[in-house]
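The two complexes that follow have chain A in common; it is paired with chain B in the first and with chain C in the second.
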Partner chain A sequence: MWLPILGLIIGLLLGSLLTFSIPIAYSSYLAIAVLAGMDSLLGGWRAVLENKFDGMILISGFFLNAVIAAFLAFFGDMVGLDLYLAAVIAFGIRIFSNIGAIRHGAILRHRRKKLEKAKQLAEREGADDDQ
Partner chain B sequence: MTNKQRKPVFRNWQWPLTLMFLCFGFLLAAQYQTNTVLSGDLSSESQSNLAMILKSVNDNKEQLQEELDSLESELQELETLNMSGESLSTALRSRIETLQSAIGDAPVEGPGISVTITGDSNLMFYDVIDIINEMFVTGAEAVAINNTRVTIHTAISEIDNRADGYSITIDGDPLLFPVVIKAIGDAEALSAGLTYPGGIIESLNTLYRVYPIIRLESSLSIPAAAPSRFSYAQAVEEEEEKAEE
Partner chain C sequence: MEKSNSRHTPNHIRMKNVLYLSALALLLGVMIIIAARTNMAQLAQIDNNNQELIDYIEKQEAESAELEQKIVNIRQNIENIHKESAESESMLNILNDSLAKINLVAGYTPVSGPGIVVTLDDNSAGAELAKKNNPVTYNAENFIVHDKDLLYLVKALTNAEAISINGIRIIDSSSIRCVGTVIMVNSTRIAPPYEISFIGNGDALMEQLQASGRYIALVYKEIPINAVKADNIVIPAYTGTYSTNYMQVYRENRTTETE
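What follows is the complex of A and B.
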């Protein structure tokens, strides 16, 4: 549970310490890529909760989505169309739906655990009665 | 998706997710930094803002230009003032030097002539005065008798020694022989002024049998006079002098 958060912190520190700064002209593309990455990560978290997580899908989705989103924004700039808005809206909607699913999954998991605990307790009491 | 459903491997999700979170954090930090740079950049400003910024910068520039101009003119003024001050001080210094040599306040040296009169002559004090006058007439700039500087205050006279007859005095002190009169100036002119036919030397020779020896000197040194004191005379204020002019 804490390992991904640790990874995030290390990544933030690494990015800050390296003073990694891309050319200003590509700043909006990186912003879109960051949005796509966020979406992928939330999708991964959701998959974990739904017990259908696949590392390969997460990694490929993370990079491919980021690249395609950045390319879309770039292409939009080329043809004079605000195509990055499409990416922003699409990823925005997906991020919200993913967060919703994570909420659902977390609540369901919590309830299931409670239920199992209660069942275990009841079984133990039943065993006690047998004695 | 249903055929892809598989047995959940609980530990398996942590490492890929961690890796991706790391990548995401890295990208986020990079984007944040780029954005921070961008927000301080003019290219992110709106057009009206840019116009305003341009106007204020232009105003500032004009103001600075004005300040620069005024400072430059001030500098020029000060420089001319400084230059005139320098020329004034050099002029004053050269004037002081001229005056010092004129009143005999400073020792001087230069080419000139020396006139030597030996003791076995009947030299009178007005002969000395005549010689010195002739020297000044022919352009002597500094004159000394036996190393006493002749200035406007120098008194050449004689005293009666009773037994020995008269003896010449310079500022009250008896003049000792041999008398050496040194004059700095154009040596040729000085000697010509003394030796022209019918001049002082000739008349001294023929009338009084005084035989001065004249030598042209390439370098003579004449000492400074004793400082003159003024007890009664007072300098007139310069303003009055100017008014008179």
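What follows is the complex of A and C.
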């Protein structure tokens, strides 16, 4: 489970090594895309914890959400409306709900593991008793 | 173990999922850094813009200081010009004085001064008598004042500075001529008695008058002619115009100027 976090850290390092930067005019679009990506990633984590992870859904959601969010921001700029706020709020809420779900899932999983361990211990003891 | 694992995805699939997540996390990390760097660059640019604005403001301030200095200079200039114009006012006074003098000489101003007044009239009494005594030789022209009489009298008194006949100013272009039975001075018809006013040295004028042939002739013809010195003769201004239709100010050959 630590691998994605490792991936993130490697990504950050890689980004730091690259001297690539995009035109300032598109910086807000990239920022909104980053927000969408974070949401997708957390959603993926949550899905893993909830055992309904689908790689295709994750990847398509990651890119499509990023593109759509960026386009929304761009369109907002075109028509003079702060439409990026819609993306910010939607993704913000989803990020929090995903984090909440991850927290729930992690805690439940931890408890289940504990319970299973106790069960196994009890079974083993029972077996011992049987012997 | 088997039972509990049935609720989970198989291990190899789970590993694949984690790899997906990791790859996307890596990509997200790169994106975050790029976004952050771009934002930094933007902030730096804003700083640059601020610097540019500061430079611009400083430049404008320098410019406005310069303009203020210009204003000060211009005010100084205006003050100088005022001073100069005060000087030129005295210049203007000189010009006005000279203009007044020219107007005076030209006859455009009413003048007063000492001089002599000569009055003469047709010899009506003499004419009647002559008509009665010897009507055959009677010639009315011998008993009246002619335009030439007035003209020659005026011409004779060269010491006069200003002349008028019956209140009509005589200037250098004035005409005294006979139109039918009346005398016309300038553009005004006059009738006897005639009063010719001369301003000038009264004695000199009187001498010139008495020395002039026309005066002697008039006296001989017994035309009533009377000359008196006066202290305060008033002669009105010339009311006509000088015509300058043909003449113009003569200018020296221009070649000398262009050299």
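The rule we apply is simple: the second predicted complex is superposed on the first by the 131 of 131 C-alpha atoms of A that agree within 3 Å, B and C clash if a C-alpha of one lies under 4 Å from a C-alpha of the other, contacts with A are read in each partner's own complex, and residues count from 1 in each chain.
The criterion applied here is as follows: a residue touches a chain if its C-beta (ideal position, glycine included) is under 8 Å from a C-beta of that chain, and two chains touch if they have at least 3 such contacts.
Predicted model only: the values in this text are computed from it and were never measured.
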Which of chain B and chain C A:N65 touches, first, second, both or neither: neither
Touching partner for A:N98 - first (chain B), second (chain C), both, neither: neither
Touched partner set for A:E116, first chain B, second chain C, both or neither: second
Interface residues of chain A shared between complexes with chain B and chain C: 3-16, 20-22, 24, 27, 30-31, 33-34, 37-38, 40-41, 44-45, 48, 51, 53, 55, 58-59, 62
Contact set on chain A toward chain C in their complex: 1, 3-16, 18, 20-22, 24, 26-27, 30-31, 33-34, 37-38, 40-41, 44-45, 48, 51, 53, 55, 58-59, 62, 112, 116, 120
Contacting residues of chain A [partner chain B, same complex]: 3-16, 19-22, 24, 27, 30-31, 33-34, 37-38, 40-41, 44-45, 47-48, 51-56, 58-59, 62, 66
Chain C residues touching chain A - in the complex, by the definition given at the top: 1, 4, 7-9, 14, 16-35, 37-39, 41-42, 45
Sites on chain B touched by chain A in the complex: 1, 4-6, 8, 12-35, 37-38, 41, 43
